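Handing you a structure now.
So that you can tell them apart, the chains are marked A, B, C, D, E and F in the order they are listed, and the count of residues begins at 1 in each.
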Amino acid sequence: MKRRMLPSIPQSLTVFAFWLLMAQEVSPASIAMALLLAWLMPLLAARLEREFAQLGRLGGGVRLTGRLLFDIVLANITVARQVLGPESRLQSQFVWVPLDLTNIHGISALASICTLTPGTVSAELSEDRRWLLLHCLSVRDPDALVIQIKTRYETPLREIFP
Amino acid sequence: MSTVVELVVVALLVIGCFFTLLGGIAMVKLSDFFRRLHGPAKSSTLGVGCILIASIVYHWVNGSGVHPRELLITVFLFLTAPISAHLMSRAALSLMDDRPPHPDRTPDPDGATVDRDDPAPPEH
Amino acid sequence: MLELLIALPFVLALAVALSANASRRTSAVLAGLVPLIGLGLLAAMAGDVFDGEILRASYSWIPEAGLDFSLRVDGLAWTFALLVLGIGGLVVLYGHYYLSAKDSPRRFFTYLLLFMGAMLGMVIAGNLLLLAVFWELTSISSFLLIGFWSHRQDARQGARMALTITGMGGLALLGGVLLIGRIVGSYDLDVVLASGDLIRASHLYPWALALVLLGIFTKSAQFPFHFWLPHAMAAPTPVSAYLHSATMVKAGVFLLARLHPALAGTDLFFYVVTSVGATTLLVGAWFAIFQHDLKGLLAYSTISHLGLITLLFGLSTEMAVVAGLFHILNHATFKASLFMAAGIIDHECGTRDMRRLGNLRRYMPMTSVLAIVASLAMAGIPLLNGFLSKEMFFAEALEIGGHGTMRIIISIAALLAGIFGIAYSLRFVHDTFFGNGPRALDVVPHEPPRWMRIPVGVLAILCVVVGMVPALTIGPMLRTMVGGTLGPAAPEFSLSVWHGLNLPLMMSVASLVFGVALYFGLRRLLDFHAVITRSIGRNVFHVNVEALFALARRFTARVANGSLQRSLFLMIVVGVVLAGAPMLGGTWSLLAGLGPSQPLSAVGWGLWALLLAATIGTVLVHRKRLTALIVIGAVGLAVSLVFVYLSAPDLALTQLLVEMVTIALMMMALNYLPKESKVSRRRLHKLRDVGLAVVAGGGLAVLAYAMMLSPADTISSELLVRALPEAYGRNVVNVTLVDFRGFDTFGEIAVFGVAALVVHALLRWARLRPDEVIPGPPAQLPIAADLTQLLFPLALTVSIYLFLRGHNAPGGGFIAGLVFAVPVLVKYVLQGARAVEATFGFDYIRGIAIGLLLAVLGGVGSWWFGLPYMTSGHLDLELPLIGMLPLASALVFDTGVYVVVFAGTLLMLSTMGTVKHRQAREEAR
Amino acid sequence: MEFAIATAIGVLAGSGLYLMLRARTFDVILGLTLLSYATNLMIFAAGRPVVGKPPVLRDGVAHTLANYSDPLPQALVLTAIVIAFAMTAVAVVVAMREHADLHTDHVDGEEPDEEQRGGMR
Amino acid sequence: MNHLPVLPVLVPLVTGAILLLLERRHRSSVLRLWAWVGMAALLAVAVSLVVQVQRQDMLVYLLGDWPARLGITLMVDRLSALMVLTTTLLAIPCLLYACAGWDKRALHFHALFQMQLAGLNGAFLTGDLFNLFVFFEVMLIASYGLLLSGARGARIKAGMHYVVFNIAASVVFLLALGLLYGMLGTLNMTEMAARIAVAPPERTLLIQAGAGLLLLVFCAKAALLPLYLWLPEAYARAPAAVAALFTVMTKVGLYAVLRVFTLMFGENAGPLANLAWDWLLPAGAATIVLAALGVIGAPRLRIGVAYLVLLSAGTLFVAFSLANAGAISAGLYYLAHSVFVSAALFLLADIIQRHRGCNGDYLMPIASMPNKTLPAALFLIAAVSIAGLPPLSGFVGKLQLLNAVPEAQMGWIWTVILGSSLMTIIGLSRSGTRLFWRVDTAPVDMPPPPLRRSEIAATVLLLAYGIAMTLFAGPVLRYTDAAAAQLLDVDTYIQVLRDTAPLIREPSP
Amino acid sequence: MIDIAIVAGMHLVGLAMVLALWRLLRGPTAPDRILALDTLYISAIAQLILFGMLLDTEVYFEAALIIAMLGFVGTVVLSKYVIRRDIVE
């Protein structure tokens, strides 16, 4: 019943916040509208989705976000150096990262994070969903990178997406 | 408008524009598609993000009200940029002749190599 | 009474045509009723007409054109009507027996009655235009009659030739009649006939005369248009007897008589008509001698006699007119009987070739006697009617006044014609009825059924009676006829067989002697039967018509060669010419006196460079299609940015969204099209196209530049002022779309919806083969698909936001509809059509319908308040807790827009995404 | 600025016309797309474009053409964009069908003689 | 409030939408029933419009109650009403013919048909130049659908040309609209006329360029030389009922020429007065000549008929270019006539095509044509009529036209018009004799398809229109005379439009 | 000072766009061009936001939002084409 009426609480929440942000006012009318949409939009979306992401513990999420923001800023600077410097110094290569995550939402999140953090772009997911192919702009020790990604991002993600 | 805020806005703008431009430079300068991909995939995203935040602050302080709506664009960008990059790499990979060998399918001791191009049946 | 007379043939024609199961006899009886009743009516009118009265009946038909349905019977019309109905009656009788079992009498009599009606209408028309109408009707119905035996090549050709020639004449006549109407100011025959002086004095007279004469000459088979007549002999003989003796060909000379008071009396008339008549007279007579076909001989003889009549009218003296009219009657009598006799011979012997005939008097004595009498009348032997009018002709030829040379020429022509006439008549008689017996016939000839012979007999007897006692028999009628033709100018004349021993008689005698000599001389000198005369006119006609067809075919194929590029090229050229025409005075004058231009910032110039570079880039890479699509995406983006920069956010939004959907559609299409364009080898074409494109583009730039710097004077200020108070919206563009110019948007969504339907209709049942099939299962894009999960509800929310706020901020139904459609597109791309459609479950077609109905509904609401369609209303709804909810009626309309756009876009995308594939194997089959 | 707009219109139109005169359906459709950009700009230009004055009414600013750009041409262009899209969609599908039915993407439904002959040689 | 002027658009549009809704769930008989209900309603509307304009001269309908120049105005004068009625009358037999079976084979046929009518009627009624463009597009997009739905092979190719050519023309239309709005600042045709009349001389050059482009568009749609090359194939390939309906499509272009270049660039237009006619007269005459050649050279009957449509367009261009009331009136009469008769010929050509089996309507091969009496009779009537031979409607039209030619131009115009009649006679007599008069004893493999009653009825109805126009030529011509006179009286249009005040809103200053 | 920064920023972003355009026209591969187009879209957002700051208006927000959305959609469609040619399977 709950699944039918409210297929995805996270989505509902997002839509609710989204509407209020867009409407730029917090009046009874706009809240009513936001509630209406928060209920309707996921229902409509449910007609298109096979499964919605179900979240586990969110505590890790906050920490992860903070870490992510920091990494984004920090590593952007690295990339800037690498791009502006001589190209010959770059040691680009592909790296396959073995995955412990099985939840597709988790995998997606990990792929996104890898892309957003500089130096790596997630290029492909193997068909069995057990390997993620990354392209690294400049890497000396691929194994270290793999370990870093697995500990820094995959572990918290496994908590969020059980 | 206080100087501090002004400075913050200017700083955000400078950072934002710098990274945006960096994305462009990366694209022109680097020699290989996958290298070029790094620039826009994150630098530009970050750059635009900074500019958007600058805009929020600017409008807020400038008296024309809070416009947190720009945040939506930022969220949107950060959500979509990885997907775009991912898809573009898949596209580039599909055009590549020497794709990185799949770790599971590397030549095993028996010598039976399986090429990825083989029309292997989907796993599920 | 006149009405009844004219209605009769048409009504009965219809009756015959509709009597599907009637017997042959019934058809004939129905057809026979027309002449029977018609003659009765004529008899009833006879008293008044012979007293010189003119009977009239008039109905207004098309007063704007001066075309009244007015009928007018005077002496001339009455006599011709008599001819039409009298001979018509005989032909019906004859035809009933003539037609074989295979021929449909229903069809035959329908056509015949149609023709009879047309002819009758022509002679009793009281309005020149009406006359022209019936004139053309005779052409059309005679076409059907000549082509009656449509399975025969000669019949088809003859019919078409006759129609072409007489149709041309008819059109010329129409022109002539219109000119006369212009000169006189009326088409009423009474008025026209009374305005002879006015007409002759007009500067349009030569043209009017030429056009009318063209009509007359073609119809009456005058040289050089005579050649259609022999070929019309492919018609069944009753038709020839009717059309080519008494009626159709007489229409021309009838008109010559009818308009004589109006047109004759000038030198132009005299010379043209006389010389054409004389030429025709001789040419016809000469060729008649060499025909082997009985009907061919009669046809050429008819031509000759028509020439004679024309010549007489050309002479224009009163007595010449009398002679002409007289000869019309005489010729009709003997020629109709001769045609019928020829038909009998054909019917009984199975051939009309005189080389195989002969000595028929032994087999069909009665018919032979009648035919010989008629041919002697044709030859102009005394005591027969033909003699009388020929004598009058000789007399008139000798008495031409004021034209010395003409007199000699015409006199000699007359004598020669007399000689030839004797010769061909003799041939007709001798080769058919005398000499050696028939050769190689399949049947033994015998007399025809009695009722077939009777019409011939009646006519032959008439020849004799008129020839012997003209004054008593034909005198009064001829007098009435002359009176009707010439009106008050009609001369007194006496008809008698013996005029004394005078020059005309000498000429008759001489022609008899020389004619006999000529016939036998030619027989001796030449091997008559071997001479095959070819009709030069026919050949010329055929060559010309065939050349015309070939030319038309070739020319049309050359011009309309099915090249789209040519069409478009011409369009651009015309556009350059039409829009460039005002610039011929100098481009600078266009650019002079313009206002100051606005400065453009560096960013603006950057945008400009972006736009131009991307545009030119598109052209340069256009052969590589994927690349071109990517680059054109940049053009679209640049244009959108231009719109943003220049204060048009709504435009930018729409442009971007539409651009995206377009690219998606084109990508889908590209799957079924070659990846690259083939190289065209026509370098010259390419240069030409570049040149034209540069000129057109440059011209447009100049126009745009001049326009932008001209002072503006627009009603838009009023839109700005009235948008908020009266249409309750701040975004004036949206207000314009849904309110001021809502009807445009209404049409626009109709276009959009229909476009989607067209796409659907084109692809629903089609099977297409992809240009390239990449092996393997559908691509799995799990990460992308997963991440877009959140995007979908967000995009939907944005869509609703844009929709609700569109009246006051950039957005609105259209944009919102597309924003709704685009994430679904992403779903299609990332998850595949089947997965989406299995769960999404919208009927897009019904969506379009519902959207359109909503849009209508949004406009119709105002009708309740007695206001025009689409008048917007406004309501501030006070809701508990929520507060004021402003509602504009335009919102309903905009909802319609929203739904149509969403459903339409998705119908297109899903149709294109779910195209059924055709395998190479299927193709081979 | 007017010069920039005018030249943009000219270049877009010229490019569009050139592509429209090509012999392949897809090229023609590309040409029509460029051409419709040119027309849209032309109509838009009729409103005498200015920078930074969108016709979205604000309070406290007089509702005149001095403060807002001309909304009417914008509405017209909107309609024109939509209609051009509808037409393009149809043209695209017709091109697909032509290729499927006639096995060529030449606009005239058959390869021109010269190229056929060239192929035979 | 009299809502009649907007109904010719709304009725078919709503009918079309309803038909779309019903399409999936219901059998074709239900669809047909609804289509006929819509047609009946439309006919009632069209007739009442004609009646009302005769009583009232002009109906002006301010959509949205906005003053004429702010919003969109529908303007129904005699010309508009005539065009709407003609279209409706034409549509009835076309629908009848399609209901014999084609409507089941072409997806969305009924909806597209109604949309086409909505587009046509909208184009005839609107008083706004941009709205005219929009309805042109409605009409065109529906015509693409009608032409292409259920199409294969050669028809697709013809469709490609038709679509691309018309898109290009629409582009030019928009360019012209941009220029004209830029120079005149309004889109209401009457208001534009008023502004052109007082335009300062330095602006006339640009206005003239705009006018030239407009002329190009209308002539392209009306298929004037040299812009007619698209027409023969498109019309010859279209399904019969659709081709028949299309006969009115070229007339929309002609209507637009007449409307715009009498109202906006007519007598009152100062230096731009009577801008178009000097171009159009010779072009129209040349079109006649080329079309006549096309009629003669046509390898198929339907191509010949397509050229006849072209020929009538040329004739109408000549008529309208003479720009006097008589000629325009004659043209309007001729327009209605040619629409009906050429439609009848298209239907006949289709009947013939089907009965001659694989030989279709090709004129060269000999093929039997069973059951030919009735088609032959109908063909004869149609041929006589279209050739302008007496006594049918074509004759009346041409007669009036010839009458209206001023003396100075009489010689060559008469030659062209009468000459075209002759060529038509030559061409059609050949077609007729080849189709109907050739041997009918050829072996028949299959029993010929029966003549469907509704198809024959549709053809007969079309020809009956023509005959009725002949019998009642007087009243019809009185109407067209009044229409032409009204059309040339531009001042009244301007006056009426400016005097028509909104019901509740303030009028424009 | 902010205004100067904004204008300077617009120039820088404009420069970024020109660089992206160069890659767009240059290629060499389709993914390169797709990437360039994507970058153009993203830079356009930046440009729009800067422009809104310059004019002190929020009227360009919707446009920026839509550009963000569509840049993504375009990339998805084009990439899918390169991967499979059949963008909707």
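By our rule, contacts are C-beta pairs under 8 Å (C-beta built on N, C-alpha and C of every residue); 3 or more make two chains touch, one makes a residue touch a chain.
Given the structure is predicted, the values throughout are model-derived calculations rather than measurements.
S.K.: Please report the smallest number of touch steps linking chain E to chain F.
M.R.: The fewest touching-chain steps linking chain E to chain F number 2.
S.K.: Starting at chain B, how many touch steps does it take at minimum to reach chain E?
M.R.: The least step count works out to 2.
S.K.: Between A-B and B-F, which chain pair is linked by more C-beta pairs in contact?
M.R.: Pair with the higher count of C-beta contacts: B-F.
S.K.: Which chain's centre, taken as the mean of its Cα atoms, is farthest from the centre of chain F?
M.R.: Between chain F and every other chain, the largest centroid distance is to C.
S.K.: Between chain C and chain E, what is the separation of their C-alpha centroids in Å?
M.R.: Using C-alpha averages as centres, the distance is 17 Å.
S.K.: Please report how many Å separate the Cα centroid of chain A from that of chain C, as a whole number.
M.R.: Centre-to-centre distance between chain A and chain C: 75 Å.
S.K.: Please compute the C-alpha centroid of chain A, do the same for chain D, then give the distance between them in whole Å.
M.R.: That gives a centre separation of 40 Å.
S.K.: How many angstrom lie between the CA centroids of chain D and chain F, rounded to a whole number?
M.R.: Once rounded, the distance between the two centres reads 21 Å.
S.K.: Which residues does chain E have that touch at least 2 chains other than itself?
M.R.: Correct list: 130, 134, 137, 141, 144, 148, 151, 160-161, 164, 168, 175, 178-179, 181-182.
S.K.: Mind pulling the residue numbers of chain C that touch at least two other chains?
M.R.: 562-564, 568, 645, 649, 670, 700, 707-708, 712, 714-716, 719, 740-741, 744, 748, 751, 754-755, 758, 762, 779-781, 783-784, 787, 790-791, 794, 798, 809-810, 912
S.K.: Pull out every residue in chain A that's touching 2 or more other chains.
M.R.: Expected reply: 18, 22, 111-112, 122, 127.
S.K.: Each pair of chains that touch: what are they?
M.R.: A-B, A-C, B-C, B-F, C-D, C-E, C-F, D-E, D-F
S.K.: Can you list the chain D residues touching chain F in their complex?
M.R.: 52, 54, 56
S.K.: Can you tell me which positions in chain D touch chain E when the two form their complex?
M.R.: Those in contact with chain E are residues 20, 25, 28, 32, 35-36, 38-40, 42-48, 72-73, 76, 79-80, 83-84, 86-88, 90-91, 94-95, 97-98, 101-102, 107-109.
S.K.: Given the complex with chain A, which residues does chain C contribute to the contact?
M.R.: Interface residues on chain C, with respect to chain A: 780, 782-783, 786-787, 789-790, 792-794, 796-798, 800-801, 824, 827, 831, 835-836, 839-841, 879, 881-885.
S.K.: Give every residue of chain B touching chain A within the complex, in rising order.
M.R.: It is residues 18-19, 22, 25-26, 29-32, 34-35, 37-39, 41-43, 45-46, 65-69, 71-72, 78-79, 81-83, 85-86, 89-90, 92-93, 100, 102-104, 120, 122-123 of chain B that touch chain A.
S.K.: Could you please specify the touching residues of chain B with respect to chain C in the complex?
M.R.: Touch list, chain B to chain C: 76, 79-80, 82-83, 86-87, 90, 119, 121-122.
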